[in-house]
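Encoded as C-alpha coordinates, here's the structure I'll be asking about.
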Amino acid sequence: MSIDMKGSKPLFHRVSYFETDQMSIVHHSNYIRWMEDGRTDYMRQNGVDYAWMETQGVIMPVVSVSCEYKESAFFDEIAEIRTRVAFFNGVRLKFEYEILNEKGHVLVSGKSEHCFLDKASRKPINLYKKLPECCEITARLIKEEEQA
Amino acid sequence: MSIDMKGSKPLFHRVSYFETDQMSIVHHSNYIRWMEDGRTDYMRQNGVDYAWMETQGVIMPVVSVSCEYKESAFFDEIAEIRTRVAFFNGVRLKFEYEILNEKGHVLVSGKSEHCFLDKASRKPINLYKKLPECCEITARLIKEEEQA
Amino acid sequence: MSIDMKGSKPLFHRVSYFETDQMSIVHHSNYIRWMEDGRTDYMRQNGVDYAWMETQGVIMPVVSVSCEYKESAFFDEIAEIRTRVAFFNGVRLKFEYEILNEKGHVLVSGKSEHCFLDKASRKPINLYKKLPECCEITARLIKEEEQA
Amino acid sequence: MSIDMKGSKPLFHRVSYFETDQMSIVHHSNYIRWMEDGRTDYMRQNGVDYAWMETQGVIMPVVSVSCEYKESAFFDEIAEIRTRVAFFNGVRLKFEYEILNEKGHVLVSGKSEHCFLDKASRKPINLYKKLPECCEITARLIKEEEQA
(Lines give C-alpha, C1' and ligand atoms only; values in the text may rest on other atoms or scores of the structure.)
Protein backbone atom coordinates (compact mmCIF):
# COMPACT_ATOMS: atom_id res chain seq x y z
CA MET A 1 0.00 0.00 0.00
CA SER A 2 1.43 3.34 -0.95
CA ILE A 3 -1.48 5.77 -0.76
CA ASP A 4 -1.52 7.67 2.49
CA MET A 5 -4.91 9.38 2.82
CA LYS A 6 -3.71 11.67 5.64
CA GLY A 7 -6.68 12.65 7.72
CA SER A 8 -9.20 11.30 5.21
CA LYS A 9 -10.84 7.94 5.56
CA PRO A 10 -10.80 5.25 2.89
CA LEU A 11 -14.13 4.12 1.49
CA PHE A 12 -15.17 0.61 2.41
CA HIS A 13 -17.32 -1.39 0.01
CA ARG A 14 -18.80 -4.82 0.57
CA VAL A 15 -18.68 -6.81 -2.66
CA SER A 16 -22.15 -7.46 -4.07
CA TYR A 17 -23.13 -10.75 -5.66
CA PHE A 18 -24.00 -9.01 -8.93
CA GLU A 19 -20.44 -7.69 -9.12
CA THR A 20 -19.04 -11.19 -9.51
CA ASP A 21 -18.72 -12.97 -12.85
CA GLN A 22 -18.41 -16.63 -13.75
CA MET A 23 -14.71 -16.61 -12.84
CA SER A 24 -16.14 -16.26 -9.28
CA ILE A 25 -14.29 -12.97 -8.86
CA VAL A 26 -15.35 -9.35 -9.15
CA HIS A 27 -15.62 -8.37 -12.80
CA HIS A 28 -12.76 -6.01 -13.65
CA SER A 29 -15.07 -3.23 -14.84
CA ASN A 30 -16.45 -2.79 -11.33
CA TYR A 31 -13.17 -1.51 -9.91
CA ILE A 32 -13.48 1.44 -12.31
CA ARG A 33 -16.84 2.14 -10.65
CA TRP A 34 -15.40 1.78 -7.16
CA MET A 35 -12.73 4.30 -8.08
CA GLU A 36 -15.53 6.73 -8.90
CA ASP A 37 -17.15 6.07 -5.54
CA GLY A 38 -13.75 6.48 -3.91
CA ARG A 39 -12.96 9.88 -5.40
CA THR A 40 -16.49 11.17 -4.72
CA ASP A 41 -16.20 10.14 -1.09
CA TYR A 42 -12.66 11.48 -0.71
CA MET A 43 -13.53 14.85 -2.19
CA ARG A 44 -16.72 15.10 -0.12
CA GLN A 45 -14.75 14.46 3.05
CA ASN A 46 -12.49 17.35 2.09
CA GLY A 47 -15.30 19.76 1.35
CA VAL A 48 -15.74 19.33 -2.40
CA ASP A 49 -19.18 17.90 -3.01
CA TYR A 50 -19.51 16.66 -6.58
CA ALA A 51 -23.33 16.58 -6.44
CA TRP A 52 -23.21 20.28 -5.50
CA MET A 53 -20.70 21.00 -8.28
CA GLU A 54 -23.23 19.74 -10.83
CA THR A 55 -25.89 22.03 -9.37
CA GLN A 56 -23.40 24.86 -10.06
CA GLY A 57 -23.34 23.86 -13.71
CA VAL A 58 -20.02 22.00 -13.73
CA ILE A 59 -19.55 18.41 -14.84
CA MET A 60 -16.31 16.48 -14.48
CA PRO A 61 -16.10 13.77 -17.15
CA VAL A 62 -13.37 11.16 -17.23
CA VAL A 63 -10.65 11.81 -19.80
CA SER A 64 -8.67 8.66 -19.16
CA VAL A 65 -8.58 5.76 -16.79
CA SER A 66 -6.18 2.92 -16.14
CA CYS A 67 -6.12 -0.06 -13.83
CA GLU A 68 -3.63 -2.74 -12.89
CA TYR A 69 -5.20 -5.87 -11.47
CA LYS A 70 -2.97 -7.76 -9.05
CA GLU A 71 -5.36 -9.89 -7.02
CA SER A 72 -9.08 -10.48 -7.09
CA ALA A 73 -11.87 -9.37 -4.81
CA PHE A 74 -14.48 -11.96 -3.90
CA PHE A 75 -18.17 -11.84 -3.04
CA ASP A 76 -18.99 -10.51 0.41
CA GLU A 77 -15.45 -9.31 1.15
CA ILE A 78 -14.99 -5.75 2.25
CA ALA A 79 -12.80 -3.79 -0.14
CA GLU A 80 -10.97 -0.67 0.98
CA ILE A 81 -10.73 2.08 -1.62
CA ARG A 82 -7.93 4.60 -1.08
CA THR A 83 -7.79 7.78 -3.17
CA ARG A 84 -5.43 10.70 -3.53
CA VAL A 85 -5.25 13.70 -5.77
CA ALA A 86 -2.19 13.44 -8.00
CA PHE A 87 -2.45 16.57 -10.16
CA PHE A 88 -4.62 19.67 -10.46
CA ASN A 89 -4.32 22.85 -12.46
CA GLY A 90 -7.91 24.05 -12.77
CA VAL A 91 -8.32 22.39 -16.15
CA ARG A 92 -7.16 18.85 -15.47
CA LEU A 93 -7.52 16.80 -12.28
CA LYS A 94 -5.86 13.44 -11.71
CA PHE A 95 -6.53 10.87 -9.03
CA GLU A 96 -4.70 7.75 -7.98
CA TYR A 97 -6.30 4.79 -6.26
CA GLU A 98 -5.49 1.63 -4.44
CA ILE A 99 -8.06 -1.02 -3.65
CA LEU A 100 -7.19 -3.42 -0.85
CA ASN A 101 -8.83 -6.48 0.59
CA GLU A 102 -9.31 -7.22 4.29
CA LYS A 103 -5.86 -8.81 4.50
CA GLY A 104 -4.30 -5.53 3.35
CA HIS A 105 -3.33 -6.90 -0.06
CA VAL A 106 -3.40 -4.35 -2.86
CA LEU A 107 -5.84 -5.81 -5.39
CA VAL A 108 -5.90 -2.98 -7.88
CA SER A 109 -4.03 0.24 -8.44
CA GLY A 110 -5.60 2.77 -10.73
CA LYS A 111 -5.54 6.26 -12.12
CA SER A 112 -8.10 8.60 -13.58
CA GLU A 113 -7.88 11.96 -15.29
CA HIS A 114 -10.72 14.46 -15.51
CA CYS A 115 -11.59 17.75 -17.15
CA PHE A 116 -14.25 20.29 -16.26
CA LEU A 117 -17.07 21.22 -18.60
CA ASP A 118 -19.89 23.69 -18.43
CA LYS A 119 -22.94 21.46 -17.98
CA ALA A 120 -25.09 23.35 -20.48
CA SER A 121 -22.63 24.14 -23.26
CA ARG A 122 -20.31 21.14 -22.74
CA LYS A 123 -17.41 23.53 -23.29
CA PRO A 124 -14.21 23.19 -21.21
CA ILE A 125 -13.89 25.56 -18.30
CA ASN A 126 -11.15 26.56 -15.90
CA LEU A 127 -12.42 25.63 -12.48
CA TYR A 128 -10.46 28.51 -10.92
CA LYS A 129 -12.83 30.93 -12.64
CA LYS A 130 -16.02 29.03 -11.88
CA LEU A 131 -15.54 27.43 -8.45
CA PRO A 132 -12.41 28.92 -6.85
CA GLU A 133 -13.28 27.55 -3.40
CA CYS A 134 -13.14 23.99 -4.75
CA CYS A 135 -9.80 24.77 -6.38
CA GLU A 136 -8.25 26.02 -3.17
CA ILE A 137 -9.19 22.81 -1.41
CA THR A 138 -7.86 20.67 -4.24
CA ALA A 139 -4.62 22.65 -4.47
CA ARG A 140 -4.17 22.27 -0.72
CA LEU A 141 -4.63 18.49 -0.97
CA ILE A 142 -1.90 18.37 -3.60
CA LYS A 143 0.42 20.50 -1.48
CA GLU A 144 -0.11 18.20 1.49
CA GLU A 145 0.82 15.27 -0.70
CA GLU A 146 4.02 16.92 -1.80
CA GLN A 147 5.04 17.89 1.70
CA ALA A 148 4.46 14.39 3.00
CA MET B 1 -43.67 -19.02 -26.23
CA SER B 2 -46.83 -17.00 -26.26
CA ILE B 3 -45.81 -13.54 -27.52
CA ASP B 4 -46.53 -13.14 -31.20
CA MET B 5 -44.71 -10.03 -32.41
CA LYS B 6 -46.71 -9.88 -35.66
CA GLY B 7 -44.61 -8.11 -38.25
CA SER B 8 -42.06 -6.89 -35.72
CA LYS B 9 -38.76 -8.60 -35.15
CA PRO B 10 -37.54 -9.80 -31.77
CA LEU B 11 -34.33 -8.30 -30.43
CA PHE B 12 -31.37 -10.64 -30.28
CA HIS B 13 -28.74 -10.16 -27.60
CA ARG B 14 -25.53 -12.09 -27.18
CA VAL B 15 -24.83 -12.62 -23.47
CA SER B 16 -21.77 -10.67 -22.30
CA TYR B 17 -19.26 -12.09 -19.84
CA PHE B 18 -19.88 -9.22 -17.43
CA GLU B 19 -23.56 -10.20 -17.30
CA THR B 20 -22.74 -13.52 -15.66
CA ASP B 21 -22.33 -13.96 -11.92
CA GLN B 22 -20.59 -16.61 -9.85
CA MET B 23 -23.50 -19.01 -10.34
CA SER B 24 -22.18 -19.07 -13.95
CA ILE B 25 -25.51 -17.80 -15.20
CA VAL B 26 -26.76 -14.37 -16.21
CA HIS B 27 -27.47 -12.28 -13.11
CA HIS B 28 -31.24 -11.88 -12.76
CA SER B 29 -31.09 -8.07 -12.79
CA ASN B 30 -29.85 -8.07 -16.37
CA TYR B 31 -33.09 -9.43 -17.78
CA ILE B 32 -34.78 -6.26 -16.52
CA ARG B 33 -32.27 -4.34 -18.65
CA TRP B 34 -32.86 -6.56 -21.66
CA MET B 35 -36.59 -5.89 -21.34
CA GLU B 36 -35.77 -2.19 -21.63
CA ASP B 37 -33.71 -2.84 -24.76
CA GLY B 38 -36.55 -5.00 -26.08
CA ARG B 39 -39.29 -2.40 -25.68
CA THR B 40 -37.09 0.37 -27.10
CA ASP B 41 -36.36 -1.74 -30.16
CA TYR B 42 -39.96 -2.88 -30.58
CA MET B 43 -41.34 0.66 -30.36
CA ARG B 44 -38.66 1.99 -32.72
CA GLN B 45 -39.58 -0.64 -35.29
CA ASN B 46 -43.17 0.56 -35.09
CA GLY B 47 -42.32 4.23 -35.48
CA VAL B 48 -42.13 5.36 -31.84
CA ASP B 49 -38.56 6.44 -31.15
CA TYR B 50 -37.96 6.85 -27.43
CA ALA B 51 -34.80 8.92 -27.94
CA TRP B 52 -36.90 11.33 -30.01
CA MET B 53 -39.66 11.34 -27.36
CA GLU B 54 -37.15 12.64 -24.83
CA THR B 55 -36.13 15.43 -27.21
CA GLN B 56 -39.84 16.36 -27.22
CA GLY B 57 -39.71 16.76 -23.45
CA VAL B 58 -41.35 13.47 -22.49
CA ILE B 59 -39.79 10.83 -20.24
CA MET B 60 -41.30 7.42 -19.61
CA PRO B 61 -40.20 6.10 -16.21
CA VAL B 62 -40.93 2.61 -15.01
CA VAL B 63 -43.79 2.37 -12.51
CA SER B 64 -43.53 -1.35 -11.89
CA VAL B 65 -41.70 -4.35 -13.19
CA SER B 66 -41.96 -8.07 -12.62
CA CYS B 67 -40.08 -11.11 -13.83
CA GLU B 68 -40.46 -14.85 -13.58
CA TYR B 69 -37.25 -16.78 -14.08
CA LYS B 70 -37.73 -20.26 -15.53
CA GLU B 71 -34.37 -21.16 -16.99
CA SER B 72 -30.98 -19.45 -17.13
CA ALA B 73 -29.13 -17.76 -19.92
CA PHE B 74 -25.43 -18.50 -20.21
CA PHE B 75 -22.40 -16.59 -21.45
CA ASP B 76 -22.14 -16.23 -25.22
CA GLU B 77 -25.60 -17.57 -25.92
CA ILE B 78 -27.92 -15.51 -28.05
CA ALA B 79 -31.05 -14.51 -26.20
CA GLU B 80 -34.22 -13.55 -28.07
CA ILE B 81 -36.26 -10.78 -26.50
CA ARG B 82 -39.92 -10.65 -27.52
CA THR B 83 -42.07 -7.66 -26.57
CA ARG B 84 -45.68 -6.69 -26.93
CA VAL B 85 -47.81 -3.80 -25.77
CA ALA B 86 -50.38 -5.02 -23.26
CA PHE B 87 -52.20 -1.82 -22.27
CA PHE B 88 -52.22 1.85 -23.22
CA ASN B 89 -54.50 4.74 -22.33
CA GLY B 90 -52.27 7.80 -22.80
CA VAL B 91 -51.35 7.86 -19.11
CA ARG B 92 -50.19 4.30 -18.49
CA LEU B 93 -48.39 1.93 -20.87
CA LYS B 94 -47.77 -1.74 -20.15
CA PHE B 95 -45.48 -4.16 -21.92
CA GLU B 96 -45.08 -7.91 -21.71
CA TYR B 97 -41.90 -9.77 -22.54
CA GLU B 98 -40.56 -13.21 -23.14
CA ILE B 99 -36.88 -13.99 -23.31
CA LEU B 100 -35.91 -17.20 -25.07
CA ASN B 101 -32.67 -19.05 -25.63
CA GLU B 102 -31.49 -20.53 -28.91
CA LYS B 103 -33.35 -23.77 -28.22
CA GLY B 104 -36.60 -21.81 -28.04
CA HIS B 105 -37.00 -22.30 -24.30
CA VAL B 106 -38.69 -19.43 -22.50
CA LEU B 107 -36.13 -18.33 -19.90
CA VAL B 108 -37.96 -15.35 -18.48
CA SER B 109 -41.37 -13.82 -18.78
CA GLY B 110 -41.79 -10.26 -17.61
CA LYS B 111 -43.98 -7.21 -17.41
CA SER B 112 -43.38 -3.51 -17.06
CA GLU B 113 -45.67 -0.56 -16.52
CA HIS B 114 -44.80 3.02 -17.42
CA CYS B 115 -46.14 6.52 -17.02
CA PHE B 116 -45.34 9.70 -18.96
CA LEU B 117 -43.81 12.76 -17.34
CA ASP B 118 -42.90 16.18 -18.59
CA LYS B 119 -39.10 16.09 -18.62
CA ALA B 120 -38.69 19.55 -17.11
CA SER B 121 -41.43 19.63 -14.48
CA ARG B 122 -41.55 15.88 -13.76
CA LYS B 123 -45.34 16.20 -13.71
CA PRO B 124 -47.53 13.45 -15.22
CA ILE B 125 -48.84 14.12 -18.69
CA ASN B 126 -51.40 12.55 -20.98
CA LEU B 127 -49.48 11.47 -24.04
CA TYR B 128 -52.55 12.03 -26.23
CA LYS B 129 -52.18 15.76 -25.65
CA LYS B 130 -48.42 15.88 -26.08
CA LEU B 131 -47.54 13.30 -28.74
CA PRO B 132 -50.78 12.13 -30.41
CA GLU B 133 -48.93 10.48 -33.30
CA CYS B 134 -47.15 8.14 -30.87
CA CYS B 135 -50.49 7.36 -29.25
CA GLU B 136 -52.13 6.38 -32.50
CA ILE B 137 -49.35 3.93 -33.21
CA THR B 138 -49.49 2.46 -29.73
CA ALA B 139 -53.29 2.19 -29.82
CA ARG B 140 -53.05 0.43 -33.17
CA LEU B 141 -50.54 -2.08 -31.77
CA ILE B 142 -52.97 -2.89 -28.96
CA LYS B 143 -55.83 -3.28 -31.39
CA GLU B 144 -53.79 -5.68 -33.52
CA GLU B 145 -53.11 -7.72 -30.39
CA GLU B 146 -56.79 -7.92 -29.57
CA GLN B 147 -57.79 -8.92 -33.06
CA ALA B 148 -55.19 -11.66 -33.21
CA MET C 1 -43.05 2.31 5.72
CA SER C 2 -44.44 -1.01 6.71
CA ILE C 3 -41.43 -3.29 7.13
CA ASP C 4 -40.41 -3.64 10.76
CA MET C 5 -36.95 -5.23 10.85
CA LYS C 6 -37.21 -6.02 14.57
CA GLY C 7 -33.71 -6.19 16.00
CA SER C 8 -32.06 -6.20 12.56
CA LYS C 9 -30.58 -3.12 10.99
CA PRO C 10 -31.52 -1.85 7.54
CA LEU C 11 -28.77 -1.65 4.95
CA PHE C 12 -27.72 1.85 3.95
CA HIS C 13 -26.44 2.48 0.44
CA ARG C 14 -25.08 5.72 -0.94
CA VAL C 15 -26.19 6.14 -4.55
CA SER C 16 -23.28 5.90 -6.99
CA TYR C 17 -22.97 8.12 -10.03
CA PHE C 18 -22.91 5.10 -12.34
CA GLU C 19 -26.31 4.05 -10.97
CA THR C 20 -27.98 7.12 -12.43
CA ASP C 21 -29.30 7.31 -15.99
CA GLN C 22 -30.07 10.24 -18.26
CA MET C 23 -33.37 10.84 -16.45
CA SER C 24 -31.02 11.96 -13.64
CA ILE C 25 -32.47 9.31 -11.36
CA VAL C 26 -31.31 5.85 -10.35
CA HIS C 27 -31.98 3.38 -13.14
CA HIS C 28 -34.81 1.08 -12.09
CA SER C 29 -32.75 -2.10 -12.54
CA ASN C 30 -30.44 -1.07 -9.70
CA TYR C 31 -33.12 -1.41 -7.04
CA ILE C 32 -33.29 -5.12 -7.92
CA ARG C 33 -29.57 -5.25 -7.11
CA TRP C 34 -30.02 -3.33 -3.86
CA MET C 35 -32.70 -5.82 -2.84
CA GLU C 36 -30.08 -8.55 -3.27
CA ASP C 37 -27.64 -6.60 -1.09
CA GLY C 38 -30.44 -6.06 1.41
CA ARG C 39 -31.39 -9.71 1.80
CA THR C 40 -27.75 -10.81 1.99
CA ASP C 41 -27.11 -8.31 4.76
CA TYR C 42 -30.31 -9.12 6.61
CA MET C 43 -29.67 -12.86 6.55
CA ARG C 44 -26.03 -12.39 7.58
CA GLN C 45 -27.12 -10.34 10.57
CA ASN C 46 -29.37 -13.21 11.60
CA GLY C 47 -26.72 -15.87 11.24
CA VAL C 48 -27.33 -17.12 7.70
CA ASP C 49 -24.27 -16.31 5.61
CA TYR C 50 -25.00 -16.75 1.92
CA ALA C 51 -21.29 -16.85 0.99
CA TRP C 52 -20.92 -19.76 3.41
CA MET C 53 -24.04 -21.46 2.00
CA GLU C 54 -22.39 -21.57 -1.42
CA THR C 55 -19.29 -23.18 0.11
CA GLN C 56 -21.69 -25.87 1.40
CA GLY C 57 -22.81 -26.55 -2.16
CA VAL C 58 -26.11 -24.67 -2.08
CA ILE C 59 -27.09 -21.87 -4.45
CA MET C 60 -30.22 -19.79 -4.10
CA PRO C 61 -31.31 -18.47 -7.49
CA VAL C 62 -34.11 -15.99 -7.96
CA VAL C 63 -37.39 -17.51 -9.16
CA SER C 64 -39.32 -14.27 -9.43
CA VAL C 65 -38.94 -10.62 -8.61
CA SER C 66 -41.25 -7.64 -8.62
CA CYS C 67 -40.87 -3.96 -7.89
CA GLU C 68 -43.18 -0.99 -7.56
CA TYR C 69 -41.49 2.34 -8.11
CA LYS C 70 -43.07 5.22 -6.22
CA GLU C 71 -40.37 7.88 -6.03
CA SER C 72 -36.85 8.15 -7.35
CA ALA C 73 -33.49 7.96 -5.66
CA PHE C 74 -30.88 10.50 -6.71
CA PHE C 75 -27.10 10.54 -6.90
CA ASP C 76 -25.30 10.77 -3.58
CA GLU C 77 -28.41 10.23 -1.48
CA ILE C 78 -28.34 7.52 1.12
CA ALA C 79 -30.98 4.88 0.50
CA GLU C 80 -32.24 2.64 3.30
CA ILE C 81 -33.00 -0.93 2.30
CA ARG C 82 -35.39 -2.79 4.60
CA THR C 83 -35.88 -6.54 4.22
CA ARG C 84 -38.06 -9.17 5.79
CA VAL C 85 -38.67 -12.84 5.21
CA ALA C 86 -42.23 -13.39 4.00
CA PHE C 87 -42.37 -17.14 3.42
CA PHE C 88 -40.18 -20.19 3.91
CA ASN C 89 -40.80 -23.91 3.64
CA GLY C 90 -37.35 -25.35 2.92
CA VAL C 91 -37.99 -25.32 -0.84
CA ARG C 92 -39.13 -21.77 -1.46
CA LEU C 93 -38.06 -18.57 0.31
CA LYS C 94 -39.71 -15.19 -0.18
CA PHE C 95 -38.49 -11.77 0.83
CA GLU C 96 -40.17 -8.39 0.90
CA TYR C 97 -38.34 -5.09 0.67
CA GLU C 98 -38.82 -1.40 1.10
CA ILE C 99 -36.30 1.15 -0.05
CA LEU C 100 -36.54 4.58 1.56
CA ASN C 101 -34.75 7.85 1.05
CA GLU C 102 -33.36 10.08 3.79
CA LYS C 103 -36.70 11.82 4.21
CA GLY C 104 -38.31 8.47 5.06
CA HIS C 105 -40.26 8.29 1.79
CA VAL C 106 -40.78 4.79 0.46
CA LEU C 107 -39.22 4.87 -3.00
CA VAL C 108 -39.65 1.24 -3.94
CA SER C 109 -41.41 -1.78 -2.56
CA GLY C 110 -40.35 -5.15 -3.86
CA LYS C 111 -40.57 -8.89 -3.54
CA SER C 112 -38.36 -11.78 -4.49
CA GLU C 113 -38.81 -15.52 -4.45
CA HIS C 114 -35.99 -18.04 -4.33
CA CYS C 115 -35.40 -21.77 -4.56
CA PHE C 116 -32.44 -23.86 -3.43
CA LEU C 117 -30.30 -25.86 -5.81
CA ASP C 118 -27.39 -28.19 -5.37
CA LYS C 119 -24.49 -26.17 -6.75
CA ALA C 120 -22.97 -29.08 -8.67
CA SER C 121 -26.04 -30.84 -10.08
CA ARG C 122 -28.31 -27.76 -10.29
CA LYS C 123 -31.10 -29.99 -8.95
CA PRO C 124 -33.63 -28.58 -6.45
CA ILE C 125 -33.01 -29.45 -2.83
CA ASN C 126 -34.94 -29.16 0.40
CA LEU C 127 -32.84 -26.93 2.62
CA TYR C 128 -34.13 -28.73 5.73
CA LYS C 129 -32.16 -31.79 4.64
CA LYS C 130 -29.03 -29.94 3.62
CA LEU C 131 -28.65 -27.02 6.03
CA PRO C 132 -31.13 -27.48 8.89
CA GLU C 133 -29.47 -24.81 11.05
CA CYS C 134 -30.18 -22.16 8.38
CA CYS C 135 -33.77 -23.37 8.23
CA GLU C 136 -34.32 -23.02 11.94
CA ILE C 137 -33.15 -19.43 11.83
CA THR C 138 -35.32 -18.62 8.83
CA ALA C 139 -38.36 -20.30 10.35
CA ARG C 140 -37.81 -18.32 13.56
CA LEU C 141 -37.67 -15.05 11.58
CA ILE C 142 -41.02 -15.91 10.00
CA LYS C 143 -42.53 -16.76 13.37
CA GLU C 144 -41.37 -13.45 14.81
CA GLU C 145 -43.05 -11.70 11.90
CA GLU C 146 -46.30 -13.47 12.53
CA GLN C 147 -46.29 -12.75 16.24
CA ALA C 148 -45.59 -9.07 15.71
CA MET D 1 -9.33 5.46 -36.84
CA SER D 2 -6.18 3.43 -36.87
CA ILE D 3 -7.29 -0.14 -36.21
CA ASP D 4 -7.57 -2.14 -39.39
CA MET D 5 -9.45 -5.34 -38.61
CA LYS D 6 -8.40 -7.01 -41.88
CA GLY D 7 -11.02 -9.58 -42.79
CA SER D 8 -12.70 -9.43 -39.39
CA LYS D 9 -15.82 -7.44 -38.75
CA PRO D 10 -16.15 -4.84 -36.02
CA LEU D 11 -18.76 -5.41 -33.35
CA PHE D 12 -21.72 -3.04 -33.43
CA HIS D 13 -23.49 -2.17 -30.21
CA ARG D 14 -26.59 -0.05 -29.80
CA VAL D 15 -26.29 2.06 -26.65
CA SER D 16 -28.79 1.00 -23.98
CA TYR D 17 -30.62 3.48 -21.79
CA PHE D 18 -29.20 1.90 -18.64
CA GLU D 19 -25.68 2.61 -19.95
CA THR D 20 -26.23 6.36 -19.73
CA ASP D 21 -25.62 8.39 -16.59
CA GLN D 22 -26.92 11.76 -15.47
CA MET D 23 -24.39 13.53 -17.71
CA SER D 24 -26.65 12.12 -20.48
CA ILE D 25 -23.71 10.22 -21.92
CA VAL D 26 -22.57 6.63 -21.65
CA HIS D 27 -20.92 6.04 -18.29
CA HIS D 28 -17.18 5.58 -18.83
CA SER D 29 -17.10 2.14 -17.18
CA ASN D 30 -19.26 0.70 -19.93
CA TYR D 31 -16.61 1.13 -22.61
CA ILE D 32 -14.45 -1.32 -20.60
CA ARG D 33 -17.32 -3.79 -20.94
CA TRP D 34 -17.70 -3.12 -24.64
CA MET D 35 -14.00 -3.82 -25.09
CA GLU D 36 -14.62 -7.22 -23.53
CA ASP D 37 -17.48 -7.85 -25.96
CA GLY D 38 -15.24 -6.64 -28.78
CA ARG D 39 -12.34 -8.99 -28.07
CA THR D 40 -14.68 -11.96 -27.51
CA ASP D 41 -16.34 -11.33 -30.85
CA TYR D 42 -13.05 -10.71 -32.67
CA MET D 43 -11.46 -13.89 -31.34
CA ARG D 44 -14.60 -15.93 -32.08
CA GLN D 45 -14.57 -14.73 -35.67
CA ASN D 46 -10.99 -15.94 -35.95
CA GLY D 47 -11.67 -19.36 -34.47
CA VAL D 48 -10.82 -18.81 -30.81
CA ASP D 49 -13.98 -19.25 -28.79
CA TYR D 50 -13.52 -17.99 -25.25
CA ALA D 51 -16.58 -19.88 -23.94
CA TRP D 52 -14.96 -23.07 -25.24
CA MET D 53 -11.59 -22.11 -23.71
CA GLU D 54 -13.24 -22.04 -20.29
CA THR D 55 -14.69 -25.52 -20.88
CA GLN D 56 -11.06 -26.59 -21.48
CA GLY D 57 -10.14 -25.32 -18.03
CA VAL D 58 -8.51 -22.04 -19.05
CA ILE D 59 -9.57 -18.61 -17.83
CA MET D 60 -8.17 -15.35 -19.16
CA PRO D 61 -8.39 -12.64 -16.49
CA VAL D 62 -7.58 -9.03 -17.16
CA VAL D 63 -4.17 -7.92 -15.88
CA SER D 64 -4.47 -4.28 -16.88
CA VAL D 65 -6.78 -2.03 -18.79
CA SER D 66 -6.61 1.55 -19.98
CA CYS D 67 -8.93 3.89 -21.81
CA GLU D 68 -8.72 7.34 -23.31
CA TYR D 69 -12.06 9.06 -23.69
CA LYS D 70 -12.22 11.54 -26.57
CA GLU D 71 -15.90 11.94 -27.30
CA SER D 72 -19.07 10.56 -25.78
CA ALA D 73 -21.52 7.96 -26.95
CA PHE D 74 -25.20 8.71 -26.51
CA PHE D 75 -28.32 6.65 -25.95
CA ASP D 76 -29.57 4.73 -28.97
CA GLU D 77 -26.51 5.43 -31.09
CA ILE D 78 -24.74 2.50 -32.66
CA ALA D 79 -21.15 2.20 -31.49
CA GLU D 80 -18.56 0.34 -33.54
CA ILE D 81 -16.00 -1.60 -31.54
CA ARG D 82 -12.76 -2.38 -33.36
CA THR D 83 -10.26 -4.81 -31.84
CA ARG D 84 -6.80 -6.07 -32.70
CA VAL D 85 -4.28 -8.30 -31.04
CA ALA D 86 -1.21 -6.28 -30.10
CA PHE D 87 1.00 -8.85 -28.36
CA PHE D 88 1.01 -12.56 -27.60
CA ASN D 89 3.60 -14.93 -26.22
CA GLY D 90 1.56 -17.74 -24.70
CA VAL D 91 1.66 -16.15 -21.25
CA ARG D 92 0.48 -12.62 -21.93
CA LEU D 93 -2.02 -11.39 -24.52
CA LYS D 94 -2.67 -7.74 -25.32
CA PHE D 95 -5.49 -6.18 -27.25
CA GLU D 96 -6.07 -2.68 -28.57
CA TYR D 97 -9.46 -1.17 -29.23
CA GLU D 98 -11.12 1.75 -30.86
CA ILE D 99 -14.75 2.62 -30.34
CA LEU D 100 -16.34 4.82 -32.98
CA ASN D 101 -19.72 6.44 -33.37
CA GLU D 102 -21.85 6.44 -36.52
CA LYS D 103 -20.07 9.53 -37.84
CA GLY D 104 -16.77 7.64 -37.71
CA HIS D 105 -15.42 9.67 -34.79
CA VAL D 106 -13.13 7.75 -32.46
CA LEU D 107 -14.81 8.03 -29.06
CA VAL D 108 -12.50 5.84 -27.06
CA SER D 109 -9.19 4.12 -27.58
CA GLY D 110 -8.26 1.40 -25.15
CA LYS D 111 -5.91 -1.40 -24.28
CA SER D 112 -6.16 -4.54 -22.22
CA GLU D 113 -3.64 -7.13 -21.11
CA HIS D 114 -4.49 -10.67 -20.09
CA CYS D 115 -2.87 -13.74 -18.62
CA PHE D 116 -3.97 -17.37 -18.71
CA LEU D 117 -4.80 -19.35 -15.60
CA ASP D 118 -5.80 -22.90 -14.95
CA LYS D 119 -9.45 -22.61 -13.99
CA ALA D 120 -9.24 -25.04 -11.09
CA SER D 121 -5.88 -24.15 -9.53
CA ARG D 122 -5.81 -20.48 -10.55
CA LYS D 123 -2.13 -20.99 -11.40
CA PRO D 124 -0.60 -19.29 -14.47
CA ILE D 125 -0.23 -21.46 -17.53
CA ASN D 126 1.49 -21.19 -20.87
CA LEU D 127 -1.25 -21.41 -23.45
CA TYR D 128 1.15 -23.04 -25.93
CA LYS D 129 1.19 -26.13 -23.72
CA LYS D 130 -2.52 -26.18 -23.02
CA LEU D 131 -4.25 -24.97 -26.18
CA PRO D 132 -1.67 -24.82 -28.99
CA GLU D 133 -4.34 -24.46 -31.70
CA CYS D 134 -5.55 -21.19 -30.12
CA CYS D 135 -1.95 -20.00 -29.97
CA GLU D 136 -1.31 -20.62 -33.62
CA ILE D 137 -4.33 -18.55 -34.55
CA THR D 138 -3.34 -15.73 -32.23
CA ALA D 139 0.25 -15.75 -33.44
CA ARG D 140 -0.99 -15.59 -37.02
CA LEU D 141 -3.18 -12.59 -36.22
CA ILE D 142 -0.14 -10.81 -34.79
CA LYS D 143 1.94 -11.67 -37.84
CA GLU D 144 -0.75 -10.30 -40.15
CA GLU D 145 -0.70 -7.07 -38.15
CA GLU D 146 3.05 -6.75 -38.53
CA GLN D 147 2.99 -7.43 -42.24
CA ALA D 148 0.28 -4.88 -42.85
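Structure notes:
To keep things simple, chains are lettered A, B, C and D as they appear, and every chain counts its residues starting from 1.
Simple rule for what comes next: contacts are C-beta pairs under 8 Å (C-beta built on N, C-alpha and C of every residue); 3 or more make two chains touch, one makes a residue touch a chain.
Computed from a prediction, not measured in an experiment: that's the story for all the values here.
Set side by side, A-D and B-D show the greater C-beta contact count at A-D. Over half of the residue numbers at the interface between copies subunit B and subunit C are found on both sides, making the touching surfaces mostly the same. Of all chains, the one whose mean C-alpha position sits at the greatest distance from that of subunit B is A. With centres set at the average Cα position, the gap from subunit C to subunit D is 35 Å.
Between the CA-based centres of subunit A and subunit D the separation comes to 25 Å, rounded to the whole angstrom. Centre-to-centre separation of subunit B and subunit D, using mean CA positions: 29 Å. Chain contacts: subunit B has residues 17-18, 22-23, 25, 29, 33, 36, 75 touching two or more partner chains. Remark: subunit B residues 22-23, 25, 28-30, 32-33, 36, 54, 59, 61-69, 72 touch subunit C in the complex. Every residue of subunit A that touches subunit C in the complex is listed here, in rising order: 14, 16-18, 33, 36-37, 40-41, 49-51, 75-76. Listing the residues of subunit B that touch subunit A in their complex gives 17-18, 20-25, 27, 29, 75.
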